[in-house]
Amino acid sequence: MQSSRLEAFSDGVLAIIITIMVLEMHLPSDKDGHTFHAFFDHTGLSLLTYLLSFVYVGIYWNNHHHLFQVSENVDGVVLWANLHLLFWLSLFPLSTNWLAESHVARDPTVLYGINLLAAAVAYFVLTLAIQRLPGGGNLQEALGGSGKEKISPPLYVLGIGLAFVSPWLGLIPFVVVALMWLVPDRRVERWLQARDEMPKV
Amino acid sequence: MQSSRLEAFSDGVLAIIITIMVLEMHLPSDKDGHTFHAFFDHTGLSLLTYLLSFVYVGIYWNNHHHLFQVSENVDGVVLWANLHLLFWLSLFPLSTNWLAESHVARDPTVLYGINLLAAAVAYFVLTLAIQRLPGGGNLQEALGGSGKEKISPPLYVLGIGLAFVSPWLGLIPFVVVALMWLVPDRRVERWLQARDEMPKV
Amino acid sequence: MQSSRLEAFSDGVLAIIITIMVLEMHLPSDKDGHTFHAFFDHTGLSLLTYLLSFVYVGIYWNNHHHLFQVSENVDGVVLWANLHLLFWLSLFPLSTNWLAESHVARDPTVLYGINLLAAAVAYFVLTLAIQRLPGGGNLQEALGGSGKEKISPPLYVLGIGLAFVSPWLGLIPFVVVALMWLVPDRRVERWLQARDEMPKV
Amino acid sequence: MQSSRLEAFSDGVLAIIITIMVLEMHLPSDKDGHTFHAFFDHTGLSLLTYLLSFVYVGIYWNNHHHLFQVSENVDGVVLWANLHLLFWLSLFPLSTNWLAESHVARDPTVLYGINLLAAAVAYFVLTLAIQRLPGGGNLQEALGGSGKEKISPPLYVLGIGLAFVSPWLGLIPFVVVALMWLVPDRRVERWLQARDEMPKV
């Protein structure tokens, strides 16, 4: 299978995930009144958690693309590793919704962290599956030995741990990771550029 | 019509089906409490049935692609055979939801099996429609004479039958078929590869 | 703007319309019981109206594609004529849902007919807009002078009229038009084929 | 990253936004009766606000395309500027829904105006980000010095201000801007055409 078709399907799923989260937000009812006061009470928190998950899906969309720049064809293992990642990402609307509906209670914060962690692990498994492919060694070389991939999971675990102290405290590492990733990953781009500029022998 | 456009439309529909199933899951209410205990009670089963249907849609997406590798153009019969397949797949969110909401009652399990069976039949009809096309004989050759396509429908019927004994028992064949298909179909790939490697006379 | 991009966007919208209609179907509640009896009572009619609208969206998707085979570039008028068509098609989930929820009452049947009629008119306006383009004369030639486009609107009007006698009677012309269109439109294909086979002077 | 992939993803998100707004419309219940009278009471206003937001998303889809005609590659800044725009557009279903549900109350009208204003600002930021790219100067040249971009934000602010006098009065500038933009933006097209017609020295 060509990686372009896998990318198009993944883009479709990510576009839907990022958009349907909005459907889960609840507006104030007629009884609550249609005022900004009622809006902030009933919808304000949903907006913030939506923003956080929107950034996360945006990050995965951005990084997902880089992964497939090194290889034109994928096999069944990569295909299912990719669906495995999409599965965890598809749960973001659910875990985000619970986080907001519970007004950031302990267990929903832990679940949100577990969801983030599972998606990160699935992403890591996907990179391993791609590295198996012909030309996949380039990806390993491009991603190098250290980086944001390695710092994110411990920060998710930290957030999960902190949630048991205070759920709001637990959210801080999740926000920090999102901010950290907002700076797009230029390593693959750099590597590709370096390769193109390399003198042909 | 070019098969690429039909594939893109089908990919879009499958991406939406696989994602909107999440919207059907219900979270614990404020009254139930926002604890893992309440989450497992209210959402746990939905997660499992979602996972099962997610895998099935993933399987159809994967196999769907192989079908159209042998032919570049499609006619009206293939087009409607494809829409017929998409119709049954589009009912997965409904039948999956009923299965979870009823806590795996008998009739919802039977309906889920019927939905799986109808999709399998629609897929088979689609392969017949493609084999009619110029070059479609290749597909028949590639799929060969035996295989997972032939084992799946009897297993769905078995599951439907077992559901009358015990709904949970009926789910087993459905899970078995999903696991069986998780190993991607390499037969078409192999056939294409064999053809490419064949010495040109 | 290239027509390919307009087609891709329209395909996306149609794929979403055809899929989210499923979200509007209501399952029997715990109180109704999770039996086939309750399912047919609460969901059976929705399934039938869903099937009808599914076929209609399928028809529009199929025919939409033919329209843009004659021209590679589109202008602003075509773009908005296309969005105008998508607007009416996007109301199908709403009018279909009302038809089912009201158990085929008079006014919802009339509204469904109006929706079908409005989409047909929007489609006709779109063909006019495309005929204005360079090369658009071909479309007029290909569609010829008589055909299903001319029979459909009167049948919608007939259905709307009959709905005032009996809503179920009013549905008959809507079903007839759908069946009539299920045979895909080969006229454009034929015209393109004829042109390709024409001896080059 | 190639701009074509960013466009495809954005198209997907816009197609979903424009379609799921329909899911937010409420039909009359059995108690209200299934009559046109009840329909206009419960759904009529939603239809009008849906139409307005449909036109706005259509406008953004149309203009979005023009932006990326001048540059084939995008960097991380453009990517996040684009996601920033999509974020505000993804809130349209929410703000449109509140506007309709509140029967055009003051605060929801103000929020709708803020949403329009934020999307316009995000669009402006995106044009700045693209102008930074190699070849981006062309965009600046093409958009010229005056135009609809400059008139829209003050009109949104006017609408927000007027909403404090009367919400319905506040909607007028929002409708005026939509009508103003319905005439598609031919400036970029003209500039590209002019460039192509320029004599090559």
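So that you can tell them apart, the chains are marked A, B, C and D in the order they are listed, and the count of residues begins at 1 in each.
FYI, a contact is a pair of C-beta atoms (placed from the backbone, for glycine too) under 8 Å apart; a residue touches a chain by one contact, two chains touch by 3 or more.
Fair warning: this is a prediction, and the values are worked out from it, not measured in the lab.
Annotation: the chain C:chain D pair of sequence copies touches via predominantly different residues, less than half of the used numbers being shared.
Inter-chain centre distance (chain A to chain D, centres taken as mean C-alpha positions): 26 Å. For the pair chain B and chain D, the distance between mean C-alpha positions equals 37 Å. Counting partner chains per residue, chain A shows two or more touched chains at residues 8, 12, 16, 20, 23. With chains as nodes and touching pairs as edges, the resulting graph is a single ring in which every chain has exactly two contacts.
Touching chain D in their complex are the following residues of chain A: 7-8, 11-12, 14-16, 18-20, 22-23, 25, 27, 30, 34-36, 39, 43, 51, 54, 58, 61-62, 65, 182-184, 186.
Of all residues in chain C, only 1, 5, 8-9, 12-13, 16-17, 20, 23-24, 75-76, 79-80, 83, 86-87, 90-91, 93-94, 97-98, 101-102, 105, 107-108, 110-111 touch chain D in the complex they form.
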